[in-house]
């Protein structure tokens, strides 16, 4: 079975919510929709305080090349457009909407019917995806329409669909592949047309045999698409690792996948593309896994963007008394929250509740130079070295040692027996090195 | 109040920890210790205990009163240093010398550089070489193995097999005439020979090594390349003239080679990080060991070889980087 | 004069002469035009070529000094400070006489005033914490308390105070500015030392609106503007919800600190005031 | 007062060996015993004294370009004088210091003081400087020699500390002991310097 | 075989820095970076060879015949220093790149025990000119080995945050001591 | 006084003067010390000889080639009242731990060793330097032995000499030096006396 070669770790999988079907979460009282839910420039609001909006209505426009439109996820009145506390505790601009009923913008097809015929041209597809504010659902929230435009002089050979879900605990993609498989496959076909590629490969780790099975059965109707089971290994979902595993090509350091003829999209993105193109529905809801060992009912919810995370936790049985940490995303790459009243955004794939006993980091010792971090780094870097160079402010050396190649997968910090804050220090190093490199280009 | 914790990703961590690794090593040392206690009796036990206790003591004193940092005596690394230091000195060594060795190991070779993980040279080996140069007389008297004895003084000493062969060859005697003077290979393998406390039984050490390999405490690269290069080099010389150069198997099972290759060269702190670095390091150790054993003044070269290669580690780490992802474009 | 003496004098003398001639010729023939200041500086150096400065000999140091036009971090063990001072005067590098300055920490969000709302784990540096979240106390501008500034100080002029968790600048600060650069939140400012080392400054840089700021921290500047009105010398400006005292205009009249409703204005090294009814918060005592 | 400071600075604050790290080779090479250290130290002090004096006398007669060769010649002369005298009257010491006597000529300390101090100061100060630095050097060498002798042979200035025991920790008589001993003595001197500052 | 003994002896057994204590100042001073120590080694190689040749000639064709060997020290240092200064001046003009890589170390070496020491030892050992050259080159190689190894270790220690009191010279000397201990293992190779 | 300009003439002249003055001074010192140095050397030789042979009033020196080649050895025949009381042989070996060892071996005219003292060595202090009489009485074991009947080898090599602990190499080398002295002695002196004795018979 295929997998990527270099490094990788095997954290316990803990897919607690694996068999919980996707439930639709009831509407909250207010939603808070941040203006920056994607990689790139924040969107500019096009509504004012007091305006009444419908679900699916454009409320903020992404005007830069790398930016994305934002639509209202509910119907109601705009309460304010102001700074609110975001996941990190800093304050960012957001539109707060008081929910009144559930009225949708016209032209949005809310039926469950599967529409297979693709009528739009590639160009139209891209502009539809752009218009509907689709961003990558795999975590990076990179505006998808950008990735659907092949740069001049390059050709895409493969569309790679990321159904790996290598993060422990998370199951939203898994459920999506089981419950919305056909829609997703149509979405993939749409993306193939936009990119003008013949082949699409869906990579799925073999801890999801039911999903592999299910998709394989459906594939006969969708030529050009294949499913490839992969050996479980974190971070297989990283796009460079996935490309290596599936087509054995290495994206060169500092380059994009298109360099080796690949474009990677997440299964959730394909589903969102389907809805945008065939149903005219903007990205206003998503599947979120709510899980954790202390939680009563680990679940998968279909949630409107902007719903407070507290609501999700409540719906999954309430926050356990001895919760020590709440993480937005997976345990390896997610962000820990200082406040659970922050909203779900386009990039929220899961909410993870850790008990106090589970969360603590190990006491920090000196690095014993065991080399484990270097041996598991999927990018072939030397985390111990990068960390120490970064903490000595030696950013030129960091650059030399390819710190910018780090995908922040967290494997190194996970594995280190000395509990070194490797990734923490590497992140600082990446930031500063990035600044250094940019200042040189100026 | 129950505050939420904030930290950077990731949020899950392995169960591995420094002390788990260290105690794993200690556990794997048990067979070798038992063999030596059997052959050298109470003297070996005393030397081992003294070394361990004094290493821990010095580590504690220095961390607490000189560096004034956190005290980590129980992370196990000082215990290993003590145990390994004891394992590479003769069982008949006066205990006060063992204490000096411990002071040198911990105080000079480890704490001078800031403690665990920061030292450049293997502490136990620095201790041993220091003793060897300081007290050549005492460090050259090796007790003869007996079955368990409680004798502490007037131990009968004799040369180690390596010394017998080296001395003999230097006098122009033939290897085939010398081999009958040393124990048979089975005895050499099991540990029935003169030598330092813990180095005598290649077999027991191998057992410990296999345990550490399975537990992933060490990797195969260093022991394999070290032992391999010794066998190859000794083999070449042996094929040139078997009457002057003893056979490779003899090199493998005598002296501190096995202990060195499995426990000392593999000390992660003082060995290279990347796979190829480790292999180069192992080969360097093997080469130097043979050079010193065969051409140098000392019958045994493991300690010097590893220390010298320790000094090369920073350069090796610079020169042998892991293969980076996307370094060379390979398509297809 | 016996024979040995004669031979000695002749042979050594001719060696010396030859050396001088050859050196002169070579020096003439292979002249390289260089910054004349290098020669001047090299002349001042001991010429021991010991390498103690970390450069390859005296001339190398001289070249480096002239190239960088600075003496930062350069020293000459045999020559000592006198030599360096001399070079400084030759090159005109002395710091022009200035009002003495000192680093000032502009935050008082101690553990008590801004109680922690979450717990932080990980690399205990302000740099990383800053990039990760707003801080345990919740103030996105306030001191994180992990002491990057203290670490950066080469002069042992800062320490972290145990109870408050805030850094304190000691008197021996040379205002090198290292801590200013090290603080990811730009909390530290180099200010005039003031007469008799007396200083008045607003110990807060939170630009959030008053209410929000106050929610996290009891001693935050809430931008109420009372001090601005109080100051007779126009030394206080209000921008972005935060008051700032211009040390060039401030006359140390001590009028503003009492009017601040949150005690955000600090005065240092003044004689104690007559006791006031309310208890005053004074975390940063130098 | 100033002269006194000038004189004593070489003892701790600017100790040529431990603080300035000058003239390390003889400091390490000959200090197998306190006596050797003392001998070497005094020999160096003599050269220092002589060269500082002469250099401060002739400093204005020498054109810049041949300044260094001239100073070297002056120093070398004094070294040779020491060499010859010692060979004649202290042959044993001469033998044990061996190569390091002629090498005084390249001792950075001697050249450094000649250049840095004597070529800029009058005779009086130059002599004081030479004495101070020389004695600091002697102190350093004697100390290192003493430490090495005590640890390496359990004796000091040839006097056995433990009657009957002559073999100490040999390392300290050999090369590694010199480095190690000096390493820790530097720590001591840094500490003393801090204390006295 | 004799040359082999000279080479091994000079590089390993009697390493100029670690066993003979010559050239310690640059060993401690110019070993902060691997790149500079490589440059330094090159310069030492060059000067040591040159100085050995010249002093050999001076000794055998001037001092010895005129019976004024007591002028050894003074004539050597005079000749070596002038020579090096000359080479430096020429190098600076002729090849600025080489000067940057090697030349800047030249003045540092002039007044250095290693050069003088090897020149004196060549005479003491009664070598022929060729042996002397081999001797000098091997010693330079020994110097290079010691200083480059050491520079690697120092670069590494730079990142290790040693205890404050140990930083700099003390740690460097202790490392040198342990290195010297380790090099004693080469004893008896020749 | 202003510094002199670096003109050609100034440079050459001053350097010449400095070197000339230096060499003149040195030559003077040399002349003054030449005598004491020679004396010191001679005293040392005399002292070494007197340590290994019985009291004497006259010395005669001769050089002999050792039978295995190599540098010739200096034989000092010591006479008391014109009677040969002993022969001090300045011998050497290159088999020391580090470099050459030279020693003075004293023989009685009948071939027995009267005493041995080292002259120069570079052996390791604390180990090999036990050949030094002031460091250890190890070399006393050579007194009064007859190399004819005693094998001058360390016990390890099946000889009769106790090695120095942990410094067998030095001990071996010392034996080698003494053996060389004896061999030469036997070749050139003993055989002659034997011949003379034989003639007399």
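Letters are used for the chains, namely A, B, C, D, E and F, taken in the order the chains are written, and counting of residues starts over at 1 for each.
In this text, a residue touches a chain if its C-beta (ideal position, glycine included) is under 8 Å from a C-beta of that chain, and two chains touch if they have at least 3 such contacts.
What you see is a predicted model; the values in this text were computed from it and never measured.
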Check: Common contacts of chain C and chain E?
Finding: A, B, D, F
Margin query: Looking only at C-beta pairs that count as contacts, which pair of chains has more of them, B-D or A-C?
Written below: A-C
Checklist line | chain C and chain D: spacing of chain centres that average the CA atoms, whole Å | finding: 39
Margin query: Can you compute the centre-to-centre distance for chain D and chain F, using the mean CA position of each chain? Integer Å is fine.
Written below: 32
Next item on the list: Express in whole angstrom the distance between the two chain centres, defined as the mean CA positions of chain B and chain C.
Entry: 49
Item checked: Chain centre separation (chain A, chain D; CA means) in Å -> 70
Next item on the list: Identify all positions of chain F at which a residue touches two or more other chains, and write them in rising order.
Entry: 11, 14-15, 18-19, 22-23, 26, 30, 97, 127, 169
Next item on the list: Two or more other chains in contact with one residue: find those residues in chain C.
Entry: 4, 8, 11-12, 15-16, 19-20, 23-24, 27, 48-50, 52, 117-118, 121-123, 128, 132-133
Margin query: Show the residues in chain A shared as contacts by 2 or more other chains, in ascending order.
Written below: 89, 338, 359-361, 421, 424, 427
Next item on the list: Return all touching chain pairs.
Entry: A-B, A-C, A-E, B-C, B-D, B-E, B-F, C-D, C-E, C-F, D-E, D-F, E-F
Notebook entry, point to check: In the complex formed with chain B, which residues of chain D make contact?
Noted result: 167-172, 174, 176, 180
Next item on the list: Spell out the part of chain F that touches chain D in their complex, as residue ranges.
Entry: 1-7, 10-11, 14-15, 18-19, 22, 25-26, 29-30, 33, 36-37, 39-41, 44, 120, 124-127, 135-136
Margin query: Applying the document's contact rule, which stretches of chain C touch chain F when the two form their complex?
Written below: 2, 4-5, 8-9, 11-13, 15-17, 19-21, 23-24
Item checked: chain C-touching residues of chain E, taken from the complex the two chains share -> 25-26, 29-30, 32, 36, 39-40, 62, 66-68, 71, 74-75, 78-79, 82, 85-86, 89-90, 92-94, 104-108, 110-111
Next item on the list: Can you check the complex and tell me which residues of chain D touch chain C?
Entry: 14, 19-22, 64-69, 73, 108-109, 111-113, 115-116
